[in-house]
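So that we are looking at the same thing, I have put the structure below in structure tokens.
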Amino acid sequence: MLHILDSIIPTVLFFSAPLIFTALGGVFSERSGVVNIGLEGLMVIGAFTGIVFNLTFADVFGAWTPWISLVAAMIAGAIFSIIHAVASVSFYADQTVSGVAINMLALGLGIYLTKIWYGKGQTDMVAEPFNSTTIPFLSKIPIIGPIFFDGVYITSYIAIIFAFIAWYVLYKTTFGLRLRAVGEHPMAADTNGINVSRMRYIAVIISGALGGLGGSVFALTIVSNFSHSTIVGQGFMALAAVIFGKWHPLGAMGAALFFGFAQSLSIVSSGIPVLGDIPQIYLLIAPYVLTILALAGFIGRAEAPKASGVPYIKGSR
Amino acid sequence: MEYVIEMLNIRKEFPGIVANDNITVQLKKGEIHALLGENGAGKSTLMNVLFGLYQPEAGEIRVKGETVKITNPNIANNLGIGMVHQHFMLVEPFTVTQNIILGSEPKGKFGSINLKKAEREIQEISDRYGLKVDPSAKISDISVGMQQRVEILKTLYRGAEVLIFDEPTAVLTPQEIKELIEIMRSLVKEGKSIILITHKLKEIMEVCDRCTVIRKGKGIGTVEVKDTNPDELASLMVGREVNFKTEKQPANPKGVVLHIKDLCVQDVRKVDLVKGLDLEVRAGEIVGIAGVDGNGQTELIEAITGLRKSRSGKIQLKEKDITNLSPRNVTKSGLGHIPQDRHKYGLVLDYPIGANIVLQTYYQKPYSKASVLNYKAIYKKAKEIIDEYDVRTPSEYTPARALSGGNQQKAIIGREIDRSPDLLIAAQPTRGLDVGAIEFIHNKLIEERDKGKAILLVSFELDEIMNVSDRIAVMFDGKIVANLKPEETNEQELGLLMAGSTINGAGDSSDIK
Amino acid sequence: MGQVIQVTSNKKLFGIIVPIISVLLGLIVGAIIMIASGHNPIDGYKALWNGAFYDAFTIGETIRRITPLILTGLAIAFAFRTGLFNIGAEGQVIVGWLAAVWVGLSIDAPMVIHLPLAVLAGAIAGGLWGFIPGLLKAKIGVHEVIVTIMMNYIAMFVSNEIVRSVLTENSTTTDRIASTASLGSEWLQSLTFYSRMHYGFLIALFAAIIMWFIIERTTLGYELKAVGFNKHASKYAGMNVNKNIILSMVISGAFAGLAGVMEGLGTYGNVSVISGFTNLGFDGIAVALLGANNPLGVVLAAILFGVLKEGAGEMPSAGVPTELVDIIIAIIIFFVASSYIIRWALQRVKKEGK
Amino acid sequence: ACGGDNDNSSDNSNNSNNESNGDTDSKEGTENAGDFKVGMVTDLGGVDDKSFNQSAWEGLVSFGEQNGLTEGEGYSYEQSNAKEDYVPNLTRLIRNHYDLIYGIGFELKEDLTTIAEQNKDVHFGMVDEVVDLPNVASITFKEHQGSFLVGVAAALKTKTNKLGFVGGLDSPLINKFEAGFVAGAKSVNPDIEVEVQYAESFGDPAKGKLIAANMYDNDVDVIYHASGGTGNGVFNQAKDIKQNDPDREIWVIGVDRDQHEEGQVGDQNVTLTSMIKRVDVAVESVSTMSLNGEFPGGEQLEFGIEEDGIGFATTNSDAMTEDIINTVNEWKDKILNGEVTVPATRDELKAFEESL
């Protein structure tokens, strides 16, 4: 049993980390009242930027390259998300439509530039990806140490720490209070002197930065290059995590970990004698069926922030 | 005389309509100034201009003699102007404290909120003006009255010197109205100035110093309240004489239409709110249910109309048992329902007003045949009702959302009455409406009664209950505790009954406290 | 009154002008990108045009590509009109495809029976795949977005498994369906130089009419829209809210299932094991939104989408990566979505003109 | 015969399709093929997939250069981005009067069949599948043979006697790799266990990584992947383990072409060897036949060890020691002289294992 945990936990962590980052971005955006189904596209931009930056500057920054690549990807994601913000906040665009456009634009642009810059549909492998590490001291703790702190990616822990930071920001700070108010009742926030547009811009840009981070973490820990098949559906899984987690940062993190756990379990199971006899197909669909069952069984009804999806037009009623 | 606020010759246009046309209002320091006008006259618009939500096309605003440009609510707040909106501006999942401090939070460490400080300040203000609230309660869990006090606290917390109240009493119970009036008085005593919008002339007479009247977007003028009377105010506002005392012949009740026996209904939290209630309504009479909000009225109506399951007991409509039938079947059995919350239940706001007219009948002939809609018939009917009930709308194709609240209500009433149901449930049918509209609706209800329909009226307005009902059933704690004739009772007695006292002496009152 | 009439006629006008301007802006931005990356936009667009309209064959292929997009667009638009977001069209396409081919392979019947049966099977399968999220939404309140995303993956894996172990003996592609179940047509093919155009486009157009009819003309459409706008009022009015939610997802799923039928009985005539999504469902989201969720709009948007996508195949001949088209489509969607700004600009221009 | 060395150079030479480099190249051409035109349609991978599309394209480029053809006119490719692009792409080449058209990858079988039926005067080459038409030459590979050889290498390398196989889609084609690999390993040591998992995708690196993590965790020390982009995750996981623990002996075996580059981590390399499928050789030789008027229409050309169409990489000389290479070559000879018949399906594998 311990051995199974020992092998599952680290895989859950690396699988979930990109989803956690991106889902947190989704939480910020949706909490402010801007639906963001462009998470997939933001991940694409992040993955693209992270890889290109890494390839280009590996010689310059050496071992620091992956970290600086993440920062670059965050910036790129943040900038890219401004398009979504302009469309859905300033131009009152349907936020779903704008999000769909973000997804198409990101992939189109990413591959287009890859082809122009590298002359082929995919980049080379990066020389400086992230590697897992063993965390000193903590990994020495009996039982827990080897399970949680041996052979893990720092980025996974950063993701978890980010979730707590996001929780703090959203639920304990003035900024968070205002942001949530804007997503629940923008007019009330407006009459209280809160600049609704500015809050929403900030929230969307945060989601861009976190989506970019998620995408680049995915690319730099799992794939090592960029192509049209680098990000396929992870953004939508992150969106699912946002809703699964009831628009709460820790909930979203929990949901992302759940997805990772379900995936790992389905893979590990085929190696376990008893479960190994189950036809492959059941193991393949298990993660998705489990998610539906979990939703239907325990999680149930979830209410989105009230104003999410609705452009705030001053003076309309 | 020094004015704290002057709004001079304000003009505000919306696409296709001039909401404010050259209106002037001047507010003296320390006065309560009423703003009076029909539904859609432009009162809220004018106040939203003052609060910085709308920008006027023309005119000037002066605060303490200085000309100002109020381009957003922040500026208004800084100028000491606070507003309690007609539709509350409260974030439901937030606590009272969070709502009050939102936007001007006391800062703690690491960007956090200094909740302690906030609560202390709120406590101080709330003590000073007698505004009782539960600081840690969620807005969604507190009563409308407390929500209103939260709104007032919000303005005071920001140091407002001038408070605007937009129809604060429309949603309050009589008791809460009394409290609010006390609060306003104490505010003025502390040197604040108040603009009060209300349709209730009685309130204007009671607390206001002066009153500015608006008719169809135009300023009619300002009068000293002590020099006028309700009749004059009403005719100023409507432009004709208004009859307050509803004219009606004595009722002529026939057979029982609604018969409720031992009904028990639970609310969402699975608590019994209707507890073994018995009630009868006969054809040709209006039974008014008097009671303080929260004594099970809503649950009772929802149970009758099929919107909520009843736990036990029996509801009979004419000969038919309608207990726990679906809303569709209840409607088919001959029930009409003017819902309390017209936006939530009464209308599909995004549908044209015409489509809303057939909300319960769209599947019947002539509005559809073999499941295919017949728009011609639908909009013909809509036009009829719009004309008959004087629904002011550009056309029957206009989205219901675009209509003013009063006109939305008239459309709903028209729709329900037009189906000619045996039993009509009217829940708060005149809430938020101007005197002209109220008169109209009351007359319609009585007309129906005279046609031999049974009418169940639920209202928190004792005036309305006394005026319109032929029989009053007092509801307290999930039961009907008294059946009275309006001629044989008075507001004091009703008030006591609604608070749980029994008619003859203190019999039950011990366990009510 | 006059005011009102003017506003509505303006609305109609904008409804036409905004998309046209958006398309032009999209193409202009595309040209700028081509210039910036050292390509000749005229060559690029010429190639794009040729890719979609060069001859009868390309036109046939373009129509073929448009056909399923209309249906997935309708599927998503239909759900949207009821206030539901069906991201699961992708999975519904897959099961519809599988079911249609299954019937196409396993039944022996004359065409008048076989073809409708196979088409119906696809629609039912898609509907069933929509039923599950609809049911969960209606009864338990589970958000349809998550369930439909999960159902996509389940559809893919289950379909693969059935192809491998039921329809074939561990092969990746089934046999061709019987000709009695095929939407293909010698006549259309001879007309279009052996393109894969098939009679499915008639089904797609018919489906658009059906959707229009349901939504705009029937009591069902009246109910579905009402539920989408305001659940409480719908309940008050005696509508069965849960039934409508489920029904909406089922109909939506059936449309998407039909898109799968187009592929299974028309384009390919078989079903294969797939290693990734078809993207028909995801593109359908864009089509629906571009088409403002109304049937005529969806048809037009699918045409635009299909033309650009088909034309893209030729762009590399001008040295331009095909992805340029994705960028252009995305920009068109942005401008349509942000029509507010175009209206605003137009009104400015108008005012200045006066 | 390992193709590893020409990969790097070709990466650069064919990477721009906007500026035709055919002009300069054509001067090197020895003979002129006149107006002979040969094209190929990729499957979803694209000509830079570092896999068999790329390999096929390298074959065409080489053929074109040798015969003085110009890229884009004499030889060219059509890239498919989706399944539905196959037909338009094939037709585009037909419309442009190509004499010989390749469909690369089993996914094109159906569409190529249809098009070939409709265009009887055009020659087609079907790579990885069999199309029984007089104007189609079917080019398949004995991947099981190559997989057998790398299986032998893996068996010689493993210290734990546990090997892993990661497949893309569970399909007859990939089963061939699986069967050959298992047979090769067990031929060396029947006690070796092979853990087999399919990702059900050729483009899911996350799953590849999960599977690899799980396998390496269960003491598997050599993983052979036949899973396209999913394999990226396998490499990634192996490299990560290696990075953390340079002494740990774990390996990946690449597929289709020499994946040495993918295995580089610092100055070490986790790519033990790769099963090389010389699509380039096949394409080039069929093109040459066609140019010379000897198009093998209707035939099924099966490229195996004998035809130089299948091989294994020895680039990682540290890992692929002389001893291992020698042993592998011994088995290769056994296959060549018919002593060993490599199983190509799971059923054949079962029989093979029983015969051991």
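The chains carry the letters A, B, C and D, assigned in the order they are written, with residues numbered from 1 in each.
The rule is simple: contacts are C-beta pairs under 8 Å (C-beta built on N, C-alpha and C of every residue); 3 or more make two chains touch, one makes a residue touch a chain.
Since the structure is predicted, the reported quantities are computational estimates derived from the model, not experimental observations.
The two chains most heavily joined by C-beta contacts are A-C. The chain with its Cα centre farthest from the Cα centre of subunit B is D. In terms of their C-alpha centroids, the spacing between subunit C and subunit D amounts to 36 Å.
Distance between chain centres (mean CA atoms), subunit B to subunit C: 46 Å.
One simple way to say how far apart two chains are is to compare their mean CA positions; for subunit A and subunit B this gives 45 Å.
In subunit A, 229, 232, 280, 284 are the positions where the chain touches two or more neighbouring chains simultaneously.
Residue positions of subunit D with contacts to 2 or more other chains are 17, 79, 81, 170, 200, 203. Contacts between chains, counted with the stated touch criterion, involve the pairs A-B, A-C, A-D, B-C, C-D.
Within the complex formed with subunit C, the residues of subunit D that make contact are 17-19, 78-79, 81-85, 87-89, 91-92, 95, 106-107, 109-110, 114-115, 118, 168-173, 175, 200-203.
Against subunit B, the residues of subunit C that register as touching in their complex are 1, 3-4, 7, 217-223, 225-226, 229-230, 232-240. Against subunit D, the residues of subunit A that register as touching in their complex are 6-7, 10-11, 14-15, 118-122, 125, 129, 131-134, 151, 218, 221-225, 227-230, 232, 234, 263-264, 267-268, 270-271, 280, 284.
Within the complex, the subunit A residues that touch subunit C are 83, 86-88, 90-94, 96-98, 100-105, 107-109, 111-112, 115-116, 229, 232-233, 236-237, 239-240, 243-244, 280-281, 284-285, 287-289, 291-292, 295-296, 299-302.
For subunit C in complex with subunit A, the residues that touch the partner chain are 33, 37, 85, 87, 136, 140-143, 145-147, 149-151, 153-154, 157-158, 161, 276-277, 282, 285-286, 289-290, 321, 323-327, 329-331, 333-334, 336-341.
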